[in-house]
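In what comes next, chain A is part of two complexes: it sits with chain B in the first one and with chain C in the second one.
Showing the complex of A and B:
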């Protein structure tokens, strides 16, 4: 029988290289997959790994998709490091989008560009509120935060579809489930003409630095993580587990809400029932592939963004199903977990 | 000449990164009580598991009654006539003694037959136990009796006992020894694992000493001294402690009528605990584990803040509702029993583990945004590592990479280095090798001499007698009055461990036959 045996000293090099190895394995499986689908594997891989970085425009699009992924993943990393399993970032993202849209819809011709600030704040608060429900239920009734946060995703989607097909429906929208297009003044300022990249990128990079400082240089960030690593040690030290729970969920909810606001007031420009694009779930993979480290997540967010763009290109140019994106995301997480296991354990044949 | 009951030759077993046994030989004669002596981690338990078939050796031979055998699992060991009583019992709490024993036996017997044979074995060896009692109503000593009876029912030729006395009161230990001596006189061989030298010298007539997985000596313990045995065990004689007369000052910790319902189902309710620790003295709390020590320490450290107001005072301040951080500001530093996971975060480096209780390397630690000065933090950790002689790969070494003794030295060092005015420590030397234990005890006494109030909770009576100026005993959530160490004897403290310290109870017991005294563990 094959058995896993713990390695006495897992290799430092390999535990760092594990995400790279996982990516290579994912690519290899991808080649097999393309061949099995009767497509040229080279052009298939090109869609995923070359097209998204080929031109300045493509790089811009890559950034546009990576920004929400990174923002959400940063918040999730704080959560996961605190041993709080928020699986519902997607719902917090949707609520952030709804709240931001509520503010954006108030704007008219006379509004100044200051409106962008309340839009972003509304998004953050919306996400915090949604995550706060999970925190409260966990704190008050000891409800399982995995289940609660996940189920709240579906509630959030229902709230969204009520808003866009009810009170906020665009009267001139041919009955589509969407609001009117927001006034131009509400749009998150863009960095260059002709590209959809907005100042959201800066917010994400500030988030990277802020998260790094919080996690590795502040007393509160340390206390937060001890609760995740060793709850009894946190209690011994006197670090409050309730506080850690609330901080973790409010931070990740706020980050997801911010991503939602940047999305509706940025590339999308209106609230539609297509807002939930799975960023909240993909960000879980981003967080783990990036080793829950703020800098690592920059790379994994870009990688995951490549999968999104590659999937769309594979659909339009090669006639492959768009669900290939999901397949690649799943494969990457799976191979990463497998690589991590083999870095920490070795396989042994035992009678 | 008779052939040996058991003969091991060249036993080697290695685990990833550590050799547990290297070329170990061991010979046990029929009727011999053979001690296997060694420090924690010396490879005693692995060797016993090999004999019992629970672990397969990488190399070496096992000869039983002159016949080479290959023991693949515990069933085969039992079929050969080898039984083992583990340190941790494997009894189901919710069913009776007889049902527990029945579970492990051949299915051909009826429950009534099993009950009958339990009663027969029990009376034969004086192991007083009622087979119809549910296991959860038994004391730890009684559970051990059940395990021994279960082992004896297979009529073993070799009985292995793993640290059997660590959970017993001194009286229960004496009673156990009577049983073991009777068994040996009937020709049963006994392998007795321990690191308690006086027990081995009293009970055993042969001894194999292990150090770091290798045999470092074979002797007759009755002809050895504690010093010569420990020299074989650790390679050196433990340093002697020097005790000065205490200079007792003002009360630092005052516990007044602390009553606290258990937090978890299997805990113990604290009942009217009253206790005082003054500056410059060491107060010890003895007791068999699971009698409320854990709950009392949670209440004292602030990990449990449900104590009623006024019940715990540190200095002049009512601390009953203060969290650990608040109590630390009053000068209380506490070393918990569990080092990995409570006293230290296993995956974090030693430097970061300082931050659990120390704030020197944080600028403005009162604020959430207080900045961690990593270089200063690592220098601080390096200082503690050096001062307390911790063997570690530097301030960044993960806590879990240290041996138990070295981590304990680091944690004790971290708290002592904070210059506490009140120092509470639980099981200061549990699982720590003899050299490190002596060092830790020396540090505790030095702290006392510097005017700190010290409270030591321990299950090791020797340790408490060595350290304490006054002794309490905790039993079933109640605390005995304090005895000055000069008036305390092992016999008296042992009797108190059963909860029998009230004067009228003492008088009543004195009028009874001494044998009844020993059984006085149950509720």
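Showing the complex of A and C:
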């Protein structure tokens, strides 16, 4: 019978190989799924892995979708490394989008392009505020952060729905739940003509470097992770677990809020009830597949972005439901968790 | 008065969904396993049950399909968590994320499907009592079975040897293992049983409660059910009570709208989620109280010989 034998040390090789193996298994299941649905598996895979990188424009769109995923995942990595289970990034993203929209709606013809800065800051603060509620309830009332942060997603979606169908509804919007289109001056500056890639991608890359330095080169980042790995050791060393909780949630809330701001003042250009697109949940997968490592998450964010674009293409060209994206995302996390067993264990054949 | 009778009836109906799922999760947690996948299992069960009823017209098959879907996902979850020692939180999340995507994917063809409302089961004689009859005695049989199930679970957990073994696996898997009990197999059984109950809850939702299929229709009820086990400090009777309480909160929004309360509907829709947060904070405020009631080894992996 196959037995698991604990490795003396986690395998570095398998830690990197496991996401690749997980992706291969997911693709394999995908092929089976396409065949079962009577679709050509080759053109199916093409939608996911070739179309998104085929042209400069496609690469741009890939980046546009990868940016919010990466930003949110960077914050989540800080959380998960601190053993703080914030799974409500979607809500923090929505609040960031709402706060940023509040500022963007103030702009008019006379506003200068400096307005982009307060828009972004409002987004960050909005996300931090929403995550701060979770931190406060955990800190003050010992309430489980998984459930609180998740419940707050549903609350955030209702707040959004209220804002876009109540006080901020576009009077000329034919009663659609949306604000007026933001003034052009509020738009996050774009990098090239003909592509939707904005300076958000630089902010994400700065985030990668910043997270890397924070996690691996600062005492605060170290304290944060010791608290996650060995709470007793952290207590002994005098690292405050309350501080770690607040830092983790405020950082990840701020990052998610930033992503929300970049999204409404960027590709979307208005606040609508369609802002929550599941990025906050997909970013959880991005974080795990990227090994909670800032550089790893660049790759996994691009991969998850491919899943999004592939799903949209599979819908328009192959007539498959768009929710195929969610199926593959879930499958990838499943297979990754299974493959990760090989990081800590060796497979042994024993009689 | 009529409207209050209907409110109570609706409360029992909504509470049944939460109670079934939460009792299932309670079985898991008594054995030391937290399954964050409740939402995903309920979604998959909701579409499985709904599709089964559309194709066969049989409620029993619908409920069976829902339970099967829940149990199957729970089996995958259990296999990963118990045999491969994966992180319980991450794996549960995977179930929820996968379940949301998969149910939306397979359910797309059923969005327009309709099934007739289920005839309610009138308890002989009692159903004819004015007010009390419509409030309490004209429900789907599963509403009453849920109460029986909760009573059965109390008896099982606290009055039988098997229940004692189940609890010991959640309290101290090392001791249970030393006594020769197959800890991992018991945990897997508990996980699958819990998944089947979450599945039944999901199927009840799509077959009886709504009855239709909408993407994401569980709308956080799986997560509320998870919170309920904590509210109830892991006692089955309190789980049942808490489920009806939250069923009532869910229904209150419609009632308030009905009597013309001038609050935007979004704030009423928020009620169950906000109440969950508030109650969770109030109950958890005393860590000592939580600690004595919580199964000691909850969330901790057990691997014999490690």
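In this section, the second predicted complex is superposed on the first by the 333 of 351 C-alpha atoms of A that agree within 3 Å, B and C clash if a C-alpha of one lies under 4 Å from a C-alpha of the other, contacts with A are read in each partner's own complex, and residues count from 1 in each chain.
Note that contacts are C-beta pairs under 8 Å (C-beta built on N, C-alpha and C of every residue); 3 or more make two chains touch, one makes a residue touch a chain.
All values reported here derive from a predicted model rather than from experimental measurement.
Participant: Looking at A:321 after the superposition, I want to know if it touches chain B, chain C, both of them or none. Which is it: first, second, both, neither?
Facilitator: The second partner, chain C, only.
Participant: Output check: A:230 vs chain B and chain C. Expected answer is one of first, second, both, neither. What do you get?
Facilitator: Touch status of A:230: first partner only.
Participant: Tell me the contact category for A:344 with respect to chain B and chain C: first, second, both or neither.
Facilitator: second
Participant: As a test of reading the superposition: which chain, chain B or chain C, is in touch with more residues of chain A?
Facilitator: Of chain B and chain C, the partner in contact with more residues of chain A is C.
Participant: On the A-aligned overlay, A:6 touches which partner chain: chain B = first, chain C = second, or both, or neither?
Facilitator: both
Participant: With the two structures laid over each other on chain A, which partner does A:142 touch: chain B (first), chain C (second), both, or neither?
Facilitator: A:142 contacts chain C only, not chain B.
Participant: Thinking of the overlay built on chain A, is A:24 touched by chain B (first), by chain C (second), by both, or by neither?
Facilitator: Once the two structures are laid over each other on A, A:24 reaches no partner at all.
Participant: One more residue to check, A:16. First (chain B), second (chain C), both or neither?
Facilitator: neither
Participant: Between chain B and chain C, which residues of chain A are contacted by each of them?
Facilitator: On chain A, the overlap between the chain B and chain C contacts is residues 6.
Participant: Quick check on the complex: what are the chain A residues that touch chain B?
Facilitator: Spelled out, the residues of chain A in touch with chain B are 5-9, 216-220, 222, 226, 229-230, 232-233, 235-238, 240.
Participant: Applying the document's contact rule, which stretches of chain B touch chain A when the two form their complex?
Facilitator: Chain B reaches chain A through residues 16-18, 301-303, 323-326, 328, 334, 336, 338, 341-348, 352, 355-357, 359, 362, 365, 367-372, 374.
Participant: What residues on chain A touch chain C, complex-wise?
Facilitator: It is residues 4, 6, 85, 87, 137, 140-144, 146-148, 150-152, 154-155, 158-159, 161-162, 165-166, 281, 284-285, 288, 321, 323-331, 333-334, 337-338, 340-341, 344-345 of chain A that touch chain C.
Participant: Sort out for me which residues of chain C touch chain A in the complex.
Facilitator: 36, 40, 76, 80, 84-87, 89-91, 93-95, 97-102, 104-105, 108, 215, 219-220, 223-224, 226-227, 230, 264, 266-267, 269-270, 273-274, 276-277, 280-282, 284-287, 290, 303, 306
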